Every structure is written in C-alpha cells, then in structure tokens.
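One structure follows; several queries about it will come next.
The first chain written gets the first letter, and so on, giving A, B, C, D and E; residue counts start at 1 in each chain.
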Amino acid sequence: MFELIGIPPQALFGQMLLGLINGAFYAVLSLGLALIFGLLNVINFTHGAQYMLGAYVAWLLLNFLGINYWLALVLAPVVVGAFGILLERLMLRKLYHLDHLYGLLLTFGLALIIEGVFRNLYGISGQSYPVPPVLTGGYNLGFMFLPLYRGWVVFVSLVVCLGTWLVIEKTKLGSYLRAGTENPTLVQAFGINVPRMITLTYGFGVGLAALAGVLAAPIYQVKPTMGADMIIVVFAVVVIGGMGSIMGSVVTGFMLGLLEGLTKVFYPEASNTVIFVVMAVVLLIKPAGLFGKAS
Amino acid sequence: MGSDCIIETQNLCKDFKGFSAVVDVDLRLKPGTIHALIGPNGAGKTTCFNLITKFLVPTKGRIFFKGREITKLDPAQIARLGMVRSFQISAVFLGLTALENVRVALQRQLGTSFHFWRPEKSLEVLHERAHELLEAVGLGDYAQVPASELPYGRKRALEIATTLALDPEVLLLDEPMAGMGREDIGRIVALIKRVAKDRTILMVEHNLSVVADLSDYITVLHNGAILAEGTYQEVSNNSQVVEAYMGTGHA
Amino acid sequence: MPESNPALQLEVSDLHAHYGESHILHGMNFAVPKGEVVTLLGRNGAGKTTTMKAIMGIVQKRGGSIRFEGQELVGLPSNRIARLGLAYCPEERGIFSSLNVTENILLPPAVKPGGMSLEEIHGLFPRLKERGGSQGTKLSGGEAQMLAIARILRTGASLLLLDEPTEGLAPLIVQQIGDIIRGLKGRGYTILLVEQNFRFAATVADRHFVVENGVVVDWLPNDQIEQSTEKLKRYLGV
Amino acid sequence: MRLQKIGIPILLALALAAPFVVYPVFLMKALCFALFACAFNLLLGYVGLLSFGHAAYFGFAAYVSAHAAKVWGLGPELALVLGTLTAMGLGLVFGWLAIRRSGIYFAMITLALSQMVFFFCVQAPFTHGEDGIQAVPRGRLLGLIDLTDNLSMYYFVLAVFILGLLIIRRAVGSPFGQVLKAIRENEPRATSLGYKTDRYKLMAFTLSAALAGTAGAMKALVFQLASLTDVHWHASGEVVLMTLLGGVGTVFGPVVGAFLVVAIQNYLAQMGAWVTIIQGGIFVICVLIFRRGMVGEVLEFWRRRNSEPPPSGGHH
Amino acid sequence: SDGVVKIGVLNDMSGVYSDLCGPGSVEAVKMAVEDFGGKVLGKPIEVVSADHQNKADIGANVANKWIDVDKVDVIVDLPNTAVCLAVQKICQDKNRINLISTGASVILTNKNCSPTGFHWTYDNYALGKGTGTAMVKEGGDTWFFLTADYAFGHDLEKSTAEAVTKSGGTVKGSVRHPFPCNDFSSFLLQAQASKAKVIGLANAGGDTINAVKQAAEFGIVQAGQRLAGLLVFISDIHSLGLKTAQGLVVTTGFYWDQNDETRAWSKKWSARMNGRMPTMAQAGCYSATMHYLKAVQAAGSDEAKAVAKKMREIPVNDFFAKNGKVREDGRMVHDMLLAQVKKPEDSKYAWDYYKILRVIPGDEAYKPISETECPYLLEKK
C-alpha cells in the first residue's frame, strides 16, 4: 500500500482519467438530485432505482424490440422520466405541504419496491448490454488505453451538465425555477403554472438519472442493485457540494471521482470510505458544503 | 469608555460583501432608560441589533456590556449575561402552552436543564412565577392554551413575558408593535413602561407615536451611520432627520 | 351593496374561506369599481389577508363567488387568475433570495400589455436601482416592501392587490407609497388595498369596506370618512 | 390517564407470559429492535431530527460487545455496558458533526457517517469482515444465571428493554425534555433565551445512540453473533420503518412497529424479494395515508372521540 | 423422529447469489425427494425453504426456529460463509445435519468443522488449486490478483497463490478491491501495469462479472494477458455472454453437458426452471440431499449422529459425482473439472458454454486430510 513512490506518473495519469470518468456519473446523478431537491425539497431516494430503471429500459428495448443504443439514449430517459412524472403526480405531490422528511421516506419506500420488483423479474446477477459498435475499441493515449466508450461518457455528461447549468442560471425559465424553489405559492400567483413546473422538473431530474443509467449499461452490469450501490455515494457528493447548488454538485461530482481514482492507486482499501471522510472534513470546515450558501 | 453606560459600542461596522450596512456606530445606552433606534428602512437598525446580540459578527469595532468587552461572545452567552432580545417576527414555542413557554425561560435558572433523569414535576416550583409573568402581560387566563392557538397580539405579549422571565437587565426589542392592532399596542406600551422601571431597553420602532410616548433617548440611523441623537423633541426638530426620515407630513 | 354591473372590476359575493378546519371568511360581500382604490379596513385577524389570498386563489378551500370582469375566479388555480390581470403584493413581501433585486423585478411574467418598464420603475424607486445587484433578501424591511410593489407594476395587471404596503415603513416612505398609489390610480389601475392605518388609507382611497370576523360589516365612501371617524375608530378598536 | 393505569400491568403480564406461547428467540429479536426503534424515536419524535444512520451505533455496539464477550471473555452485563459506552462515544463524535445541519441535511450526513462505520467494519480485522463474529457466548449474568437457556435470556432482554423504555420516557418528560421541545419549536428563540441549543441536541443524540447501542449489543448476545447486517444502511432504513409504522413521537409506537416489521421479516422470509417490496409498500402507505402510524392513529381516534387535548410531543 | 423427515433449504432467494442457488436449489432438492420416492423409513419427506438474505442473523434465526419449532432435520445449500458458520454451529449444538453446497470457505471442514456438517460441491482450495495449477502448466506462470476485500476473497487468493507457487509460478502482486465493486477499471489498470501473464479474479458473482466485462472493454485480453475466474458459475457466464467471457478458464464441480447422465438430469431440472441450466451448486444440492436420504434409510433413523455416520460410510455415486466419498472432516471429495469458456462461434446450442480441459481427480483437488485443522480430528490423533 505504500507504493506511491513506485507508481510511475503515467499510471497516475491513467488513474486520474478513470476517476474523471467515474466523476462523470456522479456529476450527472447528483445534478438530477440537486435539481429535484432544489424545487421539490425532496431528497429523491428513488434516484438510484431510477438510474437502474434507465439501464433496464435500455436493455429491454434492445432485447425485446431491437431498439439500439442511440435511440435508447433518448427513449429510456423519456420513458423513465414519464414514470417519474407519474410518481410525482400520484404520490409526491401529496406531501409538499408536510415536512420534507416525508418525501425522503416515500422515495425510500419506492426505491425498495422498484428494486424488489426487478429482483423478482430478472434475478440479481444482472444482464449485460453491449457497447454500441461505433464506440467499441479505444485509443492508446500512451499512458493508458482509453476505451472510446468511456470518453463518450465524459463528453455526454459534460454537455448535459453545462447545458442544464446554463438553462438554470441564464434563462427566464431558470429564474422561475430558482424563485419557485423558494416560494412556489407566490410564483404561481404571478401567473406561472408551478405544479406543472415541479412535475416537469422532477421528470427531468429522473430523466437525468435514467440517462446516467443508459450510459452506465455498457460499462457495468445491468442489475437491480446497481443504483443502491451508487446512491449513497451520490448523496455524499451532494452534501459536499452544498445541497441545492447545481454548480456545486457537478463540480464536486467530477472532483470526487478524481479523488476516488487516486485513492484506488495509493490506498485501495480506503476507496469506499474516502468520500465520506472528505464529507466529514468539509462539514467541519464549511457546514453548508463547498458551494452551498450558509443557511 | 464611559463607565456610566450599560452598553456601549465603539466603531461598530458591518459589511455584507462590500456593502456597508453599519458604519462606525458608537451607541451608548444609559442604565434605566428606554433608548429607541429609528431611521429609514435599510438604515441598519436590525443589523445593529443583531450585532449587539451577536446573531451577527461585526466586521470591525467593539461592544461593551457594563464595561466588560463582549465582542467575542456567542448569542447564548449574551443572553446569560442578562441581555435578552425579541425578534422582528414573533417568536414563541408554538407547540408549548403559554405556561410552558414562560417556564422554559425560567427553568434555566434551576440549573437542571441537562437532567434527563429528573421528572417534569421538578419544574412545578416555577409555576407560581410563571403565572405572575403571564398575569403581568394579561395572559393569566391563557396559561394552558397552546401558543399556536393564541391570536397574534397575544403571541407578542407572550413573547415579552418569556423575555421578562429571564429578568434581564437589558431588553432589546425589535419592532415590538409590528403587526399589532391599536388595543394591543396600548397594552404593550403600558407593559413596556411598567417593566422599564428597573431595566434598560433598546428598541427599534417605526410607530413614531409609540417612540414619542416611550423613549427617553433616540438615536437616528441613516445609511448605516448615526445621523442624530437626543430626546424626541430634539430629534424631531432636527432638519436633517425630518428630511431623511420623518417627512414633512409628520413632525 | 352595488349590483352586478360592467363598471365593476371585481365582485365578491358570499365568499367563504377555510384554513384546514378553521372557517375564516363567512360570506364576504363587496365590489371594486373599475379605476378606483378600495380599501379593506379591519383589526388584526379580521380576515383581510385571507380575502386577498382567496381572490388570488392561494387559499384552496373557498366557496361563494368572485367575479373579475365578469369571469368567475372560484375554481381557477392562482396562475390562471394572475393571467387574467390580477397581481398580488403579499403582506410578507415574498422577495426571492436566490434572485438579485433586478431579477426580482423582472420575474413576474407580463400578463397584459401596458405594464411599466424597468426604467420607469427605477425612476419611482431609485433605491432599488442602487441595490439592483444585491441579493433579494439582503434588503431591509422597507426596501423589500418597495421591491414587492415595484415587482407587480411590470406585469400589466389591471387590478392590484396590495396587502398592508405601508407596514413597517418609515413615514417618508409611507408618503411616497401614497404618491405611487395615487399615480397608479391616475394611470387607470384598480387597486384593492388592505390597511390597518386608516389615516393613510384616507389619503388614497375612494371607498372603504370594514371587515370584522370574516364579513364586511360596513362600508363608506372616502368623503364621509371625516364624519365617520368615531364609528371607524370603534370598528378598528382604536 | 386511566388507560395507562390498566394498560401497563396488562402489557407487563403479557410480556411475562409471552415466551410460553411465542418462540422466545423471535420475541427477543423483536425486543432488541423495539428498543432500537424507541431510541431512534427519541431523536426523531422529540427533537425532530431524522437520523438515517442509526445502524452505526446499533451494529458497532453489537461488534464491540460480541468481541468483548467472545475474545475478552467478559460477562454479558459488562459486554452490554461496553457496547453501550462505545455507541455513546461514537454518537458523541458523529452527533457533534451532524447537528451542524438540520432536516434533510442532517439525515444525509448521518447516513454518510454511518457508511464510514460500515466500511470500517468491512475492513477491520476484529469484525471478521463478511463472516462476522460468530459463536459469541451468552455467558452467565453476574456470574450466576446461565443465559444459554432461551427463557432466562428472554427475561434478561425484557428487563433491559423495560429499563431502556423507562429512561426514554423519563428523559422526554424531564426538564431536559422541555428544552428539547422548545428547541424543536423555535431554535433561534431558544438560543436567545440563553440555551446553547447544540449541546442539548448533542446530548439527545448521544443518549439515543447509546440506547441504540444497548439494543445492538443485546442482539449480539441473543443471536450469539455480530455481522455486517446490523451496520448496513438497510438497518437504518428498517428502524425508520418501524418507528414510522408504529407512530413517530408516541411512546409505544416504535415497539409496535418493531414487532410488526420483525414479524414480517420472519414469517415472510421464504418470499424472497417480496419482503423488500412489502417493506417498501408499507413505507409508501404509511407516508401517504397513515402518517401518524398505527399507535398514533389510534391515539388520534381516541382523542377525537373524547376530544381531549392532543397527547404531548405528538405528531408534527 | 417426529414422523416426518423435514428438509430445510436455506439460501439466498433474492440477493446476489439467488441465481446460482436460490429457487433452483429448492427445485433440485424437491427432485431428489421425488426421485427417492417421497418417503423414507415409511415417513413422509417434507421440503421447506427460506431466504436468509445473506444475513447471518436471519440465517441463524431461521435455523433456530426451524429446529426448535418446525422440527427440521437437515438444512441444505447455505451460500455465504458467514451464514454457513452460524448455521453449522447451531446444527452442531442442536444435533442436526447441515449440507453445504454453495458455501465456499475451506474453514467449514477445517477450523470450523462439525461432526454433523458436510461440504459438498466445491471449496476455495479446490478452485484455486485447479485453476492455479492448470494455468501455470499452460505457461501462465506470473500472476496478479484482483481480490475481493473480505474473508472469502482473501481465502481464495491465498489458496490459489499457494497452488501457483507450488507449480513453479510467481505472484507479482495483488490488489484488494472493495466488496461489492462496480468499477474495476483502475484495478485492471494496475493489473495491466504489473505485466503479469494471468490476472486472477479472487472474487465472485457480480464482482467477477464486472471485472471480466471491463477487462474486455480495456482490451486486456487482446493485449495478451489472460483472465482466470476463480469462482465462476455457469449462470455468471450466461449473464456475461460468450462474447465477453470467451477464453476464461474456470474450475467447476459440475457441468451439465458433461455426459448423458448429467444431461438427462439437467434437462429434467431445466424443464422446471424456464429453460435455465443448473449450476454446480444446484446440482450439488440434489446430490447431497439424495445421499442424506440414503443414509437415513441405512441408519434406520433420522437422528443426526447416526445419519452422519452412515453418510461417511456410503460412497457417493450419482450423475453429480462418481465414486465420491465423504471424509471424516465432512468434506465430500469428488472429481473437479477444469473448463474453458467457448468462443461464441463454437457454441452450438443454448447453454453450450464450456469446453472441458481436464478432469481433476478428487484427491488432487481437495486439501488433503493430513493437513486438517479440524479440532475433533486433531483431538482424535
């Protein structure tokens, strides 16, 4: 474990690049989580399950309808997003006037149900989803072999994160969202259909989770527990970044991916824990998170 | 520092991201007086208040309480010294009854507040005093009513009773009359007069008739700095004050 | 009570409203003629704010009828109501902290043509121009109130609901607000004003309705306010 | 409350007779979880803090007392105390970190901190990773009473449980409990009255963690093993479920919830993933329809019928 | 003893291992009971099953209740070492038989052995030894391990490393990955940097699957390194797909397509399990149950000690094991298979996944009894 001197710089670069790729998943997932949290004040515990759903929908589309990756990349987020909209309309909506903790509990319950159903249907060991032919293979970067597909993941997530951020910070719609986050009643009394905005935001956030799921399908096994493994780490990312901060969640996502990557080189035993340690430290120094506003 | 002052600030400043809300304010509160802080909206009154009670940390300057520097203390310590504040929006414990509200304030003096092994009965020794305080603010009949069911004016009265329970030397009241009907205002004015006997009061208030009626001394803030000081008479005749604050219709 | 009539901008009849299980409005009846400033006077807790909220559709549980330019509002969600040309300035101001002052002003969408421009608004409230870049909630109480009023002037709504716009304001600013309200009336706005301060109300309004325990118990035109001061004082418990 | 005067002796009699009717190991398990849920409820129901990481104290205490009993050969009572103290220390540190934030933030921070404990337990040699600490001796209580027998173990567990419950009830009604209530209602105001609110919250947190630890330690003795299950975040979720199902902020709610959830787990064990689905379903139904929980709804029904004032510390 | 012989199948019905044992094992046990005739010593045979969710405490709870309340006589299958240890202890204390099929750890018949506990299908030693020795022989003499960071992984790595060094290979290093682990890329990169010829996967289930998949993605196999899956079930291959799994060398206790006998049984099972094919664990459950019932018959009682004695006496001879024997320490010794995963183009029909490279004789595959650490055997010595 004390091989750090022995690690050639190339390997280090390789690991950092890998970390960045993982960070891309964290970023897209925590972005969706932060968006939903911002407007609905709900910690969407179902996020992991929805990520898993995204992957499963892609897999089902491929296996039963022969629909390829590229279409699935669009279709799966739409399908899962629509499912999210349904959940919001039928259930979450009933809880807005209550303590936000109820939202957390409801989504936790939903996550258990969704995961359980997929376990029943497809077992646990999971299905594999092939890398789309155009993106197979990779480049030898000298210090490492970069699978083309992983490069694509980073690219897509950067585009998605940047786009979302722009919409929220720079557009009118974004200002409605930000205002709606604080006082939905008043924003509605200004003539904006806030319930619809909330529903769509939830749908969008869920769609982002599903998109991450589709992106993940060819890399990881498509399996019912894939989301549960991920979600708590993403929670930590959001706490470190500062909850509700869109920028914070994205930047922290990438940063922590990097950090995790480095830990895997120097002290792999700690790679599961490192994010939580960082979280504790950040909380000590800046309780509101790196990018969060002090309450 | 003048030892005759109970609270004194020196060069008190507060900046918010480059914007100076309070600039070099030297406040001096004489013991046993009612001191009013007035000024146009945004003059920095609430900020001053928060600085003195340590709910905000000053950018610069020092604060003294009875000659002792308190610039570094935290809000709870300030309260323990005997300076208790009210809030601009009413602050009562909604889920507790009126009696329990007051009792919570009284109970600290027992020193048993961390005693999780003592029965609730041990607090009953406080009931007599709590009832007295409630009577004093006209809530005698409401002792068992949950605070959440009290009308607004009575909530404010309850808040004052709770504050008095600590028997503070200095009372800091931020717009105690805001949002109150006339009858309530009359009652609270009378109450403040009564409790001011052996206390010092610093209050922020816009209702000039209340200010005129109650205050011994007035500090006018404008753009974060002191514009004028003096009795109501002096201040209301100050042409700068009339221009910046009171407007021509009044005076 | 005035009869149903096209010159009336707003007609409220037998309006009931509830918060949860508590019944707050017990059949409000009043009307606001086009182009007038009308106040609702009443003690704390009489139900003035609730009336405003019921008109805007913010109180969900309501019954009776509210007609705006002949159209029934009961049953509509608040965003639809706003789109018809009503704008509401809440008692607690409702400034958005995640937006700066200018963004706050620009937030409400224009629902009708004819609203004020940002320049005009800045002309009315120079203080808001100075503090334009700062965060919404970092304003003082009075600045926030100005911002809350300024914000609904852009929308082009023809009926403004102002809930205690002078509360917590310095006398000078109160005067300014009075000027603004008269100015708005001059531009043809209809204004429904909630006030505790009837002296102020008398300087701007055309008529007054007195609210007590969720019903309108009396009304009088502004020119009779001198004669009725005693009666009013009794109502308001002054 | 007349109800209590009659109810409590009946409950006690039932508890004493139960092991002759119901499988004692099941009862013990349920009692351990019931204490766990009550400890958790102290924090959620009376301070308004939802901890999503209580498994850390429960599970870690289980490891410590299992290790103490098996490797160091301590008696059951000492092992139990040691487990409790460890959980208390852990609670003190984690609480100190977590109470800086409240609401959902608090929930997520406690969750993340408990994950740290989980991964620590996966790694640390003394926990034996996935295998857990097996074959923990139950030992002799005070060196006298042999606890190998399920029946005597049951009465020991029952006694500890009742003690825990009494401590919680007393704490809620104590001067300390009053301050907690005030803090829950309006924290800045409590501060302005001179209370250092963080200390009170930390105290409540530590107390809750300690009792959760007692429950975990007891479970280790009952099952004679300590494993990763009890530190996993699923256990944190389960305790929330129990409390919610029974009734947040009620005295007996968590107990009822714990018995129900444990029963579901035991009697539906062969149904596989359905257990998860059922648990999720209960969550959803409780949150959407029975937010007061079973006991809470009954109390509410009672209250409406007699239209007495609401029970103190009730639903919020 | 109570008029019924009750068999409890305790395994993971919903978790990580549910595909490789789970309901399939229950089905196999039921088939054994049917094939035995549904009655033994004139008493009916009953099968019950439960999900231990991979939690030792739930496993222990179920085992206790089964024995105390439901009068279960034998507990079968038992994946997950932690549960095995807990249940085996309970069975020993309460004098019942347990038959482990899916559990992997060697300690179950060594340090933690039980007179009434039997380990049937495979163990870490056999797996490591089989694959390790074979790969070194084929020239894969330098190794790097990706090891799941918990007891099972360490155990598997240790036994494989021993086999590798004994056969003249060297271990260049190892990296311990968290359990469970989604992303192996950085560990694979380290394995690649080590330049070892063989990358040994000392993990199981989802972890192995992910590692194999990602190795393909990073072109590890194309670049000349080989992967050795140390514990791979055919269900894992099925979910990986041949395209990704091809070339993988594995050791297994059973392959459905080995001969007519195995095919016959497997097809019968398959018909009841939606066309899936049995894993070695599932087949092992059948074999173990069958053997148990025979021993009950022979002992004329279902009392555990008597049955255990007969189980050790009777040889095991069925489609699963030829001339298998149950050793004193509870280990059932039988031949193991060294197999290689076929290329997609070589696979002719569904589930045609393995090419058998070698049959490893049982005495060679399993840890010799002379090295036993089993307390009651040591005492006897």
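The working rule: contacts are C-beta pairs under 8 Å (C-beta built on N, C-alpha and C of every residue); 3 or more make two chains touch, one makes a residue touch a chain.
Everything numeric in this text was worked out from a predicted model, so none of it was measured.
Undergrad: Among all the other chains, which ones are in touch with both chain C and chain E?
TA: Correct list: A.
Undergrad: Quick one: point me to the chain whose Cα centre is farthest from that of chain C.
TA: So the farthest one, by centre of C-alpha atoms, is E.
Undergrad: For the chain pairs B-D and B-C, which is connected through the larger number of C-beta pairs in contact?
TA: Of B-C and B-D, it is B-D that has more C-beta pairs in contact.
Undergrad: How far is the middle of chain B from the middle of chain E, if each middle is the mean of its Cα atoms, in Å?
TA: 75
Undergrad: In angstrom, rounded to a whole number, how far apart do the mean CA points of chain C and chain D lie?
TA: Once rounded, the distance between the two centres reads 52 Å.
Undergrad: Centroid from C-alpha atoms only, then distance chain A to chain D, rounded to Å. What do you get?
TA: Result: the chain centres lie 32 Å from each other.
Undergrad: If you average the CA atoms of chain A and of chain E, how many Å lie between those two points?
TA: 37
Undergrad: Two or more other chains in contact with one residue: find those residues in chain D.
TA: 119, 122-123, 272-273, 275-276, 316
Undergrad: By residue number and range, which residues of chain E touch two or more other chains?
TA: Expected reply: 14, 18, 22, 149, 178.
Undergrad: Show the residues in chain C shared as contacts by 2 or more other chains, in ascending order.
TA: As it turns out, chain C has no residue touching two or more other chains.
Undergrad: Let me know each pair of chains that touch one another.
TA: Chain pairs that touch: A-C, A-D, A-E, B-C, B-D, D-E.
Undergrad: Which residues of chain B touch chain C in the complex?
TA: It comes out as residues 16-17, 19, 39-44, 46, 88, 151-153, 175, 178-184, 206, 208, 244-250.
Undergrad: Which residues of chain E touch chain D once you look at their complex with the stated criterion?
TA: So the residues of chain E touching chain D come out as 13-14, 18, 22-23, 48-53, 55-58, 60-62, 64-65, 68-69, 80-82, 85-86, 89, 149-152, 178-179.
Undergrad: Residue numbers of chain A touching chain E in their complex, please.
TA: Of all residues in chain A, those touching chain E are 8, 11, 14-15, 18-19, 21-22, 116, 119-120, 123-128, 130-131, 137-138, 144-145, 147, 149-150, 219-221, 223, 225-226, 229-230, 261, 264-265, 268-269, 271-272.
Undergrad: Mind pulling up the chain D residues that touch chain A in the complex?
TA: 50, 52, 97-98, 100-101, 103-105, 107-109, 111-113, 115-116, 119-120, 122-123, 233, 237, 240, 244, 272-277, 279-284, 286-288, 291, 316
Undergrad: Where on chain C does chain A make contact in their complex?
TA: 56-58, 77-79, 81-83, 87-88, 90, 94, 96-99, 103, 106-109, 111, 152, 155
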